[in-house]
Amino acid sequence: MILAKVIGTVWATQKDDGLVGTKLQIVRPVELDYKEKTNFFVAVDAVGAGVGEIVLICQGSSARQTELTENKAIDATIMAIVDKLDVIE
Amino acid sequence: MILAKVIGTVWATQKDDGLVGTKLQIVRPVELDYKEKTNFFVAVDAVGAGVGEIVLICQGSSARQTELTENKAIDATIMAIVDKLDVIE
Amino acid sequence: MILAKVIGTVWATQKDDGLVGTKLQIVRPVELDYKEKTNFFVAVDAVGAGVGEIVLICQGSSARQTELTENKAIDATIMAIVDKLDVIE
Amino acid sequence: MILAKVIGTVWATQKDDGLVGTKLQIVRPVELDYKEKTNFFVAVDAVGAGVGEIVLICQGSSARQTELTENKAIDATIMAIVDKLDVIE
Amino acid sequence: MILAKVIGTVWATQKDDGLVGTKLQIVRPVELDYKEKTNFFVAVDAVGAGVGEIVLICQGSSARQTELTENKAIDATIMAIVDKLDVIE
């Protein structure tokens, strides 16, 4: 899974039936200090994360392993909101 | 999922049976301002997207989770046409 | 899917049983003008593509979604021979 | 699979039900001499690895092939603790 | 699939049950002239490949499509030993 920050939302009227009712959030991967990287992608929100929150994102077929995303054309899911990180280096 | 722009079409007579009747679109990933990146790949269109449109693309096994692409040798599917993005940074 | 050019063949006597009878082709991804990139990988041919031809390649679990490659240890399949590209940029 | 070092833990109260009871470890890929690379990601621990240990990580759908991670929204699993490497170059 | 050279072995006592009895080989991807690249990863050997041999490696869920690796937390499998390459460029 990767750490990312929710930075926005995609609006799409014309979409595959499986996506109706899902929230398509734009996310940017972040560093351990939550500094945003420059790339971004789109993930479906399974935990009610808002813009600005730091989240965990699951990708690939595993992104379909939640009640909301099962059997849907979704390859990235926000599956946790991060409270804090404990890092020892 | 990633944002991309449809820039063309692939024509292929000799192909796996599962691909008959699918539209093979050439897409370029785009930035948040829809500026095209330099790479490209091919995706099957599941929502009737035309050349020039900004779309959402699902990759990997999740690309097979639409009625059109189920059980086919397809690893990228256009599953939404983007209306607009709301981005807060 | 990605565009690639078939540039050769891998010969392997000692291999997993599922691969017996498959043709292991060496392919190089290409640009939209068919210019070869520098990387390469190996794909199983499901459509009778010869060396020098431009093909479409499906990767990951979707590579197993042809009659020839089903349930086999194959992660890349040539599933179409490209006739031409229509690109509008 | 890749070699990595466990460098910390993610705390997340609000998460998908499947993740309850799993330990979300922050890991950095390492070189053959265990020197850490600069990137990192998050993996679920299936073998009781502690911070500082060198581990093997399985990614993608294969990350769900342990008793602990089966059918869960998990795309990376720590599935072994490395004792030593034998390398001949 | 990718071409790689077996350069060593990982020893791990504490591991997921599915890995017991598997051989965890360290491999480096190679060029068409078998020159080693700088990266490496770990793959399970399904064909009895020894250190120094050039092999074909299957990744992702397809890595589980051999008798030895079925249903295991394995994302890369050595599924052929390369005899020779025929390349026309």
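Letters are used for the chains, namely A, B, C, D and E, taken in the order the chains are written, and counting of residues starts over at 1 for each.
Note that a residue touches a chain if its C-beta (ideal position, glycine included) is under 8 Å from a C-beta of that chain, and two chains touch if they have at least 3 such contacts.
Being a predicted model, the structure only gives us computed values, none of them experimental.
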Residue-number overlap at the chain A/chain B interface, same or different (half cut)
different
Express in whole angstrom the distance between the two chain centres, defined as the mean CA positions of chain B and chain D.
32
Report the inter-centroid distance (CA atoms only) between chain D and chain E in whole Å.
20
Junction residues of chain B, two or more chains touched
60-61, 63
Overall pattern in which the protein chains touch one another (line/ring/star/complete/other):
ring
Reading around the ring from chain D and passing chain E first, what chain order results?
D, E, C, B, A
Looking at the complex, which residues from chain D come into contact with chain A?
7-19, 24, 26, 40-43, 51-52, 60-61, 63-64, 71-76
Quick one: which bits of chain E touch chain C in the complex? Just the residue numbers, please.
1-3, 32, 46-48, 56, 58-63, 65-67, 69, 77, 79-89
